[in-house]
Amino acid sequence: MNSYIYELEMQVRDYECDIQGIVNNANYLHYLEHTRHTFLTANNLSFAQLHSRGIDAVVSRVEIQYKNSLRPDDVFISKLNVVRQGAKYVFNQVICKKNDNTLCISAKIDIVALVNGKLSKGIAEFDSLTEVTGV
Amino acid sequence: MNSYIYELEMQVRDYECDIQGIVNNANYLHYLEHTRHTFLTANNLSFAQLHSRGIDAVVSRVEIQYKNSLRPDDVFISKLNVVRQGAKYVFNQVICKKNDNTLCISAKIDIVALVNGKLSKGIAEFDSLTEVTGV
Amino acid sequence: MNSYIYELEMQVRDYECDIQGIVNNANYLHYLEHTRHTFLTANNLSFAQLHSRGIDAVVSRVEIQYKNSLRPDDVFISKLNVVRQGAKYVFNQVICKKNDNTLCISAKIDIVALVNGKLSKGIAEFDSLTEVTGV
Amino acid sequence: MNSYIYELEMQVRDYECDIQGIVNNANYLHYLEHTRHTFLTANNLSFAQLHSRGIDAVVSRVEIQYKNSLRPDDVFISKLNVVRQGAKYVFNQVICKKNDNTLCISAKIDIVALVNGKLSKGIAEFDSLTEVTGV
């Protein structure tokens, strides 16, 4: 059930680290979002183009376990899968260090689709992403 | 049980908003962190000074419900309380719009204290913060 | 000639500091932008509302001298004035520590106005800001 | 004189764009810094390791011409060279779109080296970088 359908390799940028010398907790949400958006692109969807068509993917809930901190120069793999639950698209995401596969964070991100500013019951574009998983 | 012991007024900065015209989901973690850190300062503690003494407050878990989006020019109140649960300090935090008290997010942020890089069972400095609540 | 017509008090947020323990160089551009935008607001203009009317204030050139670093907990005053030079609005901006008036940065930021995506020769809304200075 | 000695390919992340739908002006400084730091890494130096040895590379002056905005999904090439001028290391940097080589920004970034918090006259580690250029 934790088989991931998309992976993105990234590297820590020094400005993402704070005075503790570790990636600041908020920046993981940036990593997770960027992974979801390149996943969209890999499936011929674009966050910006969806927005221009009146469709906004909006985060409705976030749950993150921080296990091991990323540090300067670390290269990591960000992985995801996605399932639909009612009107929500639930992304299961993890970030692991590339060199030794250490789990850094695991996350569950709920996304809802707004159409012209109104909450939708789900949209065909995102349903097509979940079909990839065979769910 | 949701009586808050500290409040900070802030205003959305335009650069915190993304192409959807709303505050990006990651920036709420910045708001929440800044609120915790000014709460420390108000109690004569400093995140940076603690770090220089080998004490690091580190986020171990985050749970956020996004209810209503903040937008450019919005002024908001960020509130918190904190309780100790074992080795963790659990911050209950909400952000509400100032003008009409709309709830924007509610969050539960678990913090652990590392002392010289090792997980502590809790530290006196943070215990003193929870005493404020009478817990 | 360096008389400033607008001031904003701000405080360093810990997440704006990097592993060197000082505010990261990019974040000063955020401070400068936020100062310009609250200056707009103080003059009954809004960056976001201008955008929705097809008017975009865009940075065309930046020149910053970094003199003294801001650090965690520092409170600072961000000041500006603005003059028109041809199609450009030139903002002279400085940031000084509040407690001892130490100059942290001085900056010259050129702004141009795009109207419906096209470079304008200047717009009445911004001209009214420069009149404040008596230029 | 504008022959560049290092190139890094990057892609715009959606969260780096603001409500105007373009990369926010401050984020270019992040791109430029990350390019300098991976250039260090490519030359067996590390910003974080230098810091832990008491050596801090600090930005002392920035001059950026913004020519064409980067937008969501854009892939770009960030290029640099570096020369020493007295105690300063001057990085000439440009960012161009990958697909059509459009110039997005050109920048001149002055870096000084602090050793144990004091301004140095230059350090061997950085001089070795300029030798790459034959200067």
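Read from first to last, the chains carry the letters A, B, C and D; within each, the first residue is number 1.
One rule holds for everything that comes next: a residue touches a chain if its C-beta (ideal position, glycine included) is under 8 Å from a C-beta of that chain, and two chains touch if they have at least 3 such contacts.
Model, not experiment: these values are computed from the prediction.
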**Message:** Between C-D and B-C, which chain pair shares more contacting C-beta pairs?
**Reply:** C-D
**Message:** I need the rotation angle between the copies chain A and chain D from a CA superposition, between 0 and 180°, in steps of 5.
**Reply:** 180
**Asked** Approximately how many whole Å separate the CA-defined centres of chain B and chain C?
**Response** 28
**Asked** Cα centroid separation between chain B and chain D, in whole Å?
**Response** 33
**Item:** Distance from the mean Cα position of chain D to that of chain C, given in whole angstrom
**Value:** 23
**Request:** Check each residue of chain B and list the ones that touch at least two other chains.
**Result:** 14-15, 17, 19, 21, 24, 26, 30, 33, 47-48, 72
**Request:** Name, in rising order, each residue of chain C that touches chain A in their complex.
**Result:** 14-15, 17-19, 21, 24, 26, 72
**Prompt:** Once bound in the complex, which stretches of chain C touch chain B?
**Reply:** 11, 13-15, 17, 21, 30, 33-34, 37-38, 41, 46-48, 71-73
**Footprint of chain A on chain B - complex, ascending** = 19-20, 22, 24-27, 29-30, 33, 47-48, 51, 56, 58-66, 69
